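As structure tokens, here come the structures.
After this come two complexes, each holding chain A, first together with chain B and then together with chain C.
Up next is the complex of A and B:
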């Protein structure tokens, strides 16, 4: 019974959502079901917050490894929660929690946004280190990758045109910028579409397994 | 003297005539400026096809003054009334040059955007210029009626039905005991080896479910693989760390891991705190995961699910920490990053296949076989489509046309 009811819910909701694509009269049913997901998501925030506090509190109380980081997490969580819950800095209690002048906006603009940007900026360095490893011409495939990447890099900069701009118009495909466009729109796009077709079929197969109740791992244990 | 009088009379007459002419000219100009634009013509209103009935489409030919400069149309107003001679209310606007407008709404009659089905309406379209508007003739009555089947999705339905038939055929074949050959996936074959390595090194295994929600197919596929990994981890008595981005995903992951430990006969070894919520801020999550990698130095990292810009930051950090890494995602733009930074990568649908592959159930393997045959069908269709396009046989490509 513990598994039967969730499997039934999955099958019914899955079937209705598939029907809503093909039968216009059922398309609003899909929207109605998605409302349930939103309702569950609200409760999930309590689950997430509760778990965060519990895990880090246990770490601090037991002085487990790196427990000092947990103190920082708990303090940051408490400050953000308080600022958001009581709308500190807001002149009107009915105003948005992120309105101009609120603590939440100050926290977001001065702490969260800069830290997120910093992490994102690190991507540039990771791309460089990953490229260095990927572009070592250790075999045939890696050599092709290296040449293609080199053409794309040159093609996206003025240097590409500077180097090959002299090639006559009747053979303009050999100009590096045009070659870069051809690689992106030809082999690259074909490869991406091949993966997307596979993903599409995989999604249908996976959905079929879920709707038919063949794949039940996501439902967890039968044990109490 | 008489001569002078005649000349004076002629001059006065001439000046008067010029004055009249100027006055007439001014009057003519003002008439030109006040002339209204030509109204839109050939206005048609009809029930929007292939919808649920809460919509009517209005089409028209543009005003003769649209794009003509002096008396240019600045917009088209669409007006609606319940009766042909009643008060017409503005329901929307279209830009100059536009020839169609969809008057649609929702089915909820308490919603301000409610649009009733099977109710008669009359429409008129007004071409608006700087000097006012010129309305077309009134058209109607017209009513929105829902269609049973969306004909635009016909080819998709046929494809889905064929695929389902394929799959059910192979499931039945697998159930009857036939041995199905499934191509090996290097990434899945490496799972046991990676867990064994972590056991030998006495270090934990880090499992990342990605940034997807529990409603994403990639995340659901990842749950199945997590279940298998958890079972192996319990058997080998290694530790498992699962930091989650989404609270619902965390809850499902806790249940999945618990099941793995139960299936391995070691429920006592299960620790709920090993599967925990980190944050649902993308780069804060990256920071948290990277911190775990750097401090705890896991021997094996799994990245299976939905990933975005954070994929390379995490995978490169894991690589520099010396972990063996297995990844898989259906996000096409992130696959190259994983291929570069990880030891094994499940590309696209291999992630979904892996969940069936690891399940080991013959019925699940039947779906994989059906998937492979469907792929063969797609390849044949593409080749035939190329030949048809080259030889001008457009009827073949039209068979696959989806949409309007």
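Up next is the complex of A and C:
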């Protein structure tokens, strides 16, 4: 029963959503089911928050590796949650939680935004280091990839035009920015389309397996 | 001196440099062309030294690579260079689509990104917002990412700073509105196809949908003239195309991160989106074509410099690789 009910729900929802595309009479059912998704998505925020607290609290209590960082996470979570729930700094409780001057907006502007950007910006350093050590023209495929990477790296900046802008108009295809456009509209497009079609077919196959109850891995194991 | 001490000194030096630039210097620091060229020459010498050491089998340490990338990113902010920028066909198509809109047209702008992607997407959003306000386009803002609408607020503020007259000219609720974030990914777009009101009963400030002059007569996508999506992933441009464009015939262009843009090209080529701005270069091209030079143009020089460093390091690594291969090592 524990597994049968979720499988039944999945099958019914999946079947209705497929039918709603092909049969106008079932169209509103599909829209209603979509609204259920919105409601479930809201609950997921609660579950996500609860899970975050549980995981880090256990880590702190058991003093597992890097538990001190978990304290920072929990404090940051508590402060942000409090600032958002009680709308500190807001002119009145009905005003927006993200209005200028609220604690929430201050946290967003001065902590979340710069920290998130910094984390992402670190990628540039690691990519450079990894490229120096590992990006090698070991075989024909790797060489093609390397050349394409150079063209895109230069073609997507003014450097491409700076270096090859002297090439006459009748042979402008050899200008690096134009080569970059050709790569994006030719080989890249073909590859992306192949991936899209492959993914589409895979989704159809996977959806059928889920609807028919042949794939139950999403339910977890019996021991969970 | 141990490594920890070196790290502390480097960190203190960087922080001190920024504090001096921000609070001590009377005006923004700017190198003369001579100093700029000297710095480029010095970087070239450093690369030759790295090449020689690598050929000797001594790979440079990771922190040196980090330092080089850091310098390459930082120094262009203080240099004077004017590199040629060519506007790509996909950016021009975006601009042409916006230009074809008559004053008063309603443009739906979905901000589907968060701060990590802001360096690439925020400049194009800033330029779009200023362009829209100056050309009397009515902007309806929303977000499928929780922090998207806050990014939109930053763009609005940036537009007001760039053109102070707009602060008086445009009015919230009449010329633009921020409907805020709604959870549910592509199902939000499905719901909006049925009715905007059901997905956004209030705007970001809690004002009821029907009390907002700009949107009270907007039922669904049929009342929207154009849509521009700033996206850093899922949900984003792909979901907007699959639901908004294919099902509800929305006319749309997109601004994407450089990583995401290649995956969006099939939709551009098929005519499902009319234009595309990809990454920092797309943002800079959009700034150029709209005549609103901003952050992207500045950042692009920095990015170009970092690209050169990466290419240089890859070439050095490969030269050493082939030399080792030839030597049978």
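Keep in mind that, in the parts below, the second predicted complex is superposed on the first by the 180 of 224 C-alpha atoms of A that agree within 3 Å, B and C clash if a C-alpha of one lies under 4 Å from a C-alpha of the other, contacts with A are read in each partner's own complex, and residues count from 1 in each chain.
Here is the rule we go by: a residue touches a chain if its C-beta (ideal position, glycine included) is under 8 Å from a C-beta of that chain, and two chains touch if they have at least 3 such contacts.
In this text the structure is predicted, and so the values were computed from the model without any measurement.
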Partner chain in contact with A:48 - chain B first, chain C second, else both or neither: first
Contacts of A:156 with chain B and chain C, given as first, second, both or neither: second
Partner chain(s) touched by A:165 [first = chain B, second = chain C, both, neither]: second
Chain B versus chain C as contact partner of A:86, first or second or both or neither: neither
Touching partner for A:37 - first (chain B), second (chain C), both, neither: both
Partner chain(s) touched by A:206 [first = chain B, second = chain C, both, neither]: first
First (chain B), second (chain C), both or neither touched by A:116: both
Residues of chain A contacting chain B in one complex and chain C in the other: 37, 41, 44-45, 112, 115-116, 119-120, 127, 129, 131, 133, 192, 196
Chain A residues within the chain B interface of the complex: 18, 21-25, 27-28, 37, 40-41, 44-45, 47-49, 51-52, 54-55, 58, 65-66, 69, 112, 115-116, 119-120, 122-123, 126-127, 129-131, 133-134, 192, 195-199, 201-210, 214-215, 217-221, 223
Of all residues in chain C, those that touch chain A in their complex: 59-60, 62, 65-66, 68-70, 73, 83-86, 88-89, 114-119, 147, 149-150, 153, 182-185, 187-188, 190-191, 194, 204-206, 258, 261-263, 265-266, 269, 278-279, 281, 300-301, 303-304, 306-311, 313-314, 316-318, 321-322
In the complex, chain B residues that touch chain A: 50-53, 106-107, 146-150, 153, 156-157, 160, 163-164, 167, 171, 214-215, 217, 220-221, 223-224, 227, 246-248, 250-252, 255-256, 258-259, 262, 267, 273, 276-284, 286-287, 291, 295-296, 309, 312-313, 315-317, 320, 330, 332, 335, 337, 339-341, 347-349, 351-353, 355-356, 359, 361, 363-364, 367-368, 370-371, 374-375, 378
Chain C-touching residues of chain A, taken from the complex the two chains share: 31, 34-35, 37-38, 41-42, 44-45, 94-96, 98-99, 105, 108, 112-117, 119-121, 124-125, 127-129, 131-133, 135-138, 146, 149-150, 153-154, 156-159, 161-162, 165, 177, 181, 184-185, 188-189, 192-193, 196
